[in-house]
């Protein structure tokens, strides 16, 4: 039905897919799992024709589709939903679905009559449970409803292969339940591929599971076999991380506190009423599944995202309305998600820029001592470094600000296990140096191994707070799905 | 600038009112409506300076006659042509249909003249063109309602050909702006020049509004002519002349150009380096006649600047109109009489004796060879030779 | 023939460097402030007229060369602060405001300086031609040529070596991230806008003795600068440099061999470049 | 069209908006009673309005900031002019004009849609100026900058005005209806989220190209009307400043929804004509108007009017 042969995809120096092969039979339920940055979304994009593979080929129903524009692949019967719900925000819900239907029928160019909600559209809206919201503008839907719309738009096209990219990410309990059921109840004739972080759900859904890591297939098989596979356990859940059981570090004075913090994008509220505290010398981990608001929270703390409500106190001062550069001047530093290297700057310039006008414990020399790799790469454009090296630049950049608090956003994303260990080591070093860190992290075990305290974020709210050793399996499973 | 024009209009009006009260025409002046003359000229865009000069000339003459003719007051209504023929069409309609003008004048662009021609012709509104020089306006597209008191491209450039061949050189480089006037003027010059045994070494047309003439200069230097005949205007003329001098070509190659190139405005921007450049024009600063002396004195006194041929064109356009209105004694109701009066008008202009050619409705006038010189501390042109009275053949 | 080609090469390059001064400012402003400044030609014209006025009243071209860019840059700063800042990220509105601003500036200049064609003589040291055996070439275009190249090297050096230069590049690449490192993107934007408009003003002072000054030149100069920047690739100073040279050469040799088609050739060049490389010669694909 | 208007006029809160539109139509028709120059200006505004509506559709619904519309306008004008000179009947000439414009759009559109944003602006500008150069240079055909006179053709100004306004309203109505069809909604969808609609299997390039052809044809039609209206065509009509003027009209009025463009064209034409009659510094005036519009009516003046009069408590 769908066959992928030795597909590689490189973005500049970064190899997102390194020779992936995959074969899906008609009517199969297949889950593709793997940690963040493993290349799952890239694989879907290559299958759908949105990205052209650097090497390798993709076949749909025996026909090579690699190199075809995505609209042709879609017309050949490949449907997909996006990670971020991506409808047409200014159109009505039924119009979104009707357009998808017209597109599948090749009648998008019809001029004769107005666009009308045909029976097929009605039926699909009922199937996904949106019938009552049919006449609402798509942008007004809730997060979960948007996901339902996304699925409706794919279903109305009656695709032979359906790619679902994290359909449950960021959904609340009830919505999660509803959409989970919806997906399980899809027409058994349809071939469905699913990328999902909720391992339980993915294993329940799938007949076969493919595990991607670092752009490679490291395991493939029946759900039970995958569950037992130690290699999968190690890379997926993280293993060999010891939670420190030593005495809790004595609590220093408060550095950061948020009160009733609400933030989001436009009209959409992602965070509601977040209360959070970080004390001097602590490493605080912020855990939560993808799309639960971790990055949003760090952005709001840094000032990259305006607060909708609430206040942030930094060293006792209200900073909730200050622009980021003022917060940076007060001693807040960010190691951003995705590293965000500056296009056109080399390593030395990145570091110098952060260091200008700074005096304190972290100097350029000192940082280069800690990160000898960067000394070797001084003259290289930072964008051309490997992921791990970029992460070092990002951390070094933050340290050179001599901050009172370092916000770290997913520092292990897309890194190899070796590099993940190195990052953990760095965080421990910082802790030993007395730095204060707020760490948002996917890799639960790693985070637990370095943290003094843990917050768990679900749907934009703090749902659990405690010491790492208190985080029982039940808690972790309940909120993080591990 | 606009407010100044307004203010002048008001001042003129007030002056007239006082004049009227003391004059024996006071009764009829109070009774009769003023004669409204619609003027369409570019006041913005690349030809704004031309519009300004022509307007100065017009107002200078009207002041001289106290803004009255044939016993009636004269009122000017000015509209901006915006260097766009479509706008000229629109403005002419406004003047005719909304402001109900009795006569039209002005028109910088030949394309504007062509654009409004049919409308003016059908509406039978007398139009006295004060600038637009395309031959066709008084040839194949002529109309009994349209007169031209400036020049035709042929008229000013044809006589220069033989004169250059005899007095400057036989090998001449022909340079002109790539538009109708440039081509027609060059063709006319060439016609006379070839007849007199001249040899054009090259012919080059450059786009309007060029910012750089160095390529042209290089071509001229390479062709090694004895002289250059250039038909350029405005900023093109300035940039060309300056680069011509910068490159030192003025040491070895003579300039024998269209009068537009050594227009006093251009000279003001160039300075002494243009001294000695020869040109053909219908007016020369040093013409020794009383009308010219009076004109120059009045202009210099009023505007504290050196007049140029555009001001003369405006001055004469009004002189023709006033002359005709006087002839019909202010009675414009009989249009044929008015047209006849313009057709047969003969005026004493700063450029000498000028008369309307009733066959073509284009003026018959002297054309002069002149040379850039500094006179009384003023950079201008002096008379070299009178090339005779020239009439456009009308075909 | 060889002399002719050499002369024209120098001519083209001199004109190219004038275009570069304009395009450099436009490109910097686009890169950092994300504004397509359609009033750029009006700032050029302002610089030229101010240069004329100051040069005449102070009696020194060189003094004007220093003072005018400062004045024009100051105006640019005010414009950015009070007109454009509130429109951050709203491209169409910015375009509209800068068009309007261009209209206003150009008309004010005409009201103040009149519609006459004005020209500024080159300073005495740079007037007249240079004799190299049989090869005669005016000094002034050589000065413009040298000035352009020098400025290119200087700006490159500034961007590469100075803290402010690195900040400018960082803000161009990622203003949000830059702000977390204590950089004030709004301030960098403001300064860059000032520098960009100052460069346009400098172009005016330098260009006036080479080409004349007349109403309507502003639109023409904006157009030229845009063409150069688009051909070279937006926001890249190397792009502005090589784009200016390419446009200068095509324009110069176009005028030499096909004078009637010169402008046509430039537009054809732009269409060709964009057909082959939709982001300009040195442009990067914007994801 | 009329049906749409009256339907909206009846429909509750949209009632006052509908009334506002009727007001605009009234403004377009009022000069019929005045005749003469106001009528001439109004016809000009209606024809430029048609071109502005086309640009507004292209900009607001296709996301294409074209600075080359003058080429279509001028091509339409020259096509009618030359066809009439060649002795073709008026009807056929009027049919050829939009076809010629669409053909040009087809040739250039293939390249235009390879790029985006400011590059589209510059590419359309380049094509526009190339056509301008051609019209300017091809003296034998176009008369060069002397222009082309359509002498001997007399259409009664009242008739011409009625036809122009009729075509304009039909175009607005037709295009608004078109935007309700699957085709129109697909265009909307492309503007809102091109990646998504492509993933649904829609070849967006052809949609954008067809929109480009359609708007070019409308602009060509407007150009042919202008040629008849002015009985004169000059290359200036193809110059890029004409394109810029159209853009200014659209942005003044507001680029979303087609009524803004009609309003912008009407406002610009009359204000410019009025201001330029008493000062040559009209650029200062228009420039200030632009700046003030952006500062105080971000989406354009028409949406502001709609909100003030349509949403407010004005007596409907």
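Every chain is named by a letter (A, B, C and D) in the order it is written, and numbering of its residues begins at 1.
Heads up, the rule we're going with is that a residue touches a chain if its C-beta (ideal position, glycine included) is under 8 Å from a C-beta of that chain, and two chains touch if they have at least 3 such contacts.
If you're wondering where the values come from, they're calculated on a predicted model, not measured in any experiment.
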Greatest centre-to-centre gap (Cα means) from chain D is with chain A
Return the chain pair with more inter-chain C-beta contacts, choosing between A-D and B-C. B-C
Intercentroid distance (Cα basis), chain C paired with chain A, Å: 44
Can you compute the centre-to-centre distance for chain B and chain D, using the mean CA position of each chain? Integer Å is fine. 38
Junction residues of chain B - those touching two or more other chains: 1, 43-44, 48
Note: chain A residues in touch with at least two other chains are none
Multi-chain contacts in chain C: which residues touch at least two other chains? 107, 110-111, 260, 263
Every touching pair of chains is listed here as A-C, A-D, B-C, B-D, C-D
Chain D partner contacts - residues on chain B that touch it in the complex: 1-3, 6, 43-44, 48, 79-80, 82-87, 89-90, 93-94, 97-98, 110-111, 114-119, 134, 136, 141, 179-180
Touching chain C in the complex, chain B uses residues 1, 43-46, 48-49, 51-52, 178, 204-207, 209-212, 214-216, 218-219, 221-222, 234-235, 237-239, 242-243, 246-248, 265-266, 268-271
Under the stated contact criterion, what part of chain C meets chain D in this complex? 36, 83, 86-87, 90-93, 96-97, 99-104, 106-108, 110-111, 219, 223, 226-227, 230, 234, 260-261, 263-264, 267-268, 270-271, 274-275, 278-280
Quick one: which bits of chain D touch chain B in the complex? Just the residue numbers, please. 35-38, 40-41, 44, 144-147, 149, 151, 226, 230-232, 234, 236-237, 273, 276-283
Quick check on the complex: what are the chain C residues that touch chain B? 1, 3-4, 7-8, 11-12, 14-15, 107, 110-111, 114-119, 121-122, 127-129, 136-138, 140-141, 210-217, 220, 251-253, 255-256, 259-260, 262-263
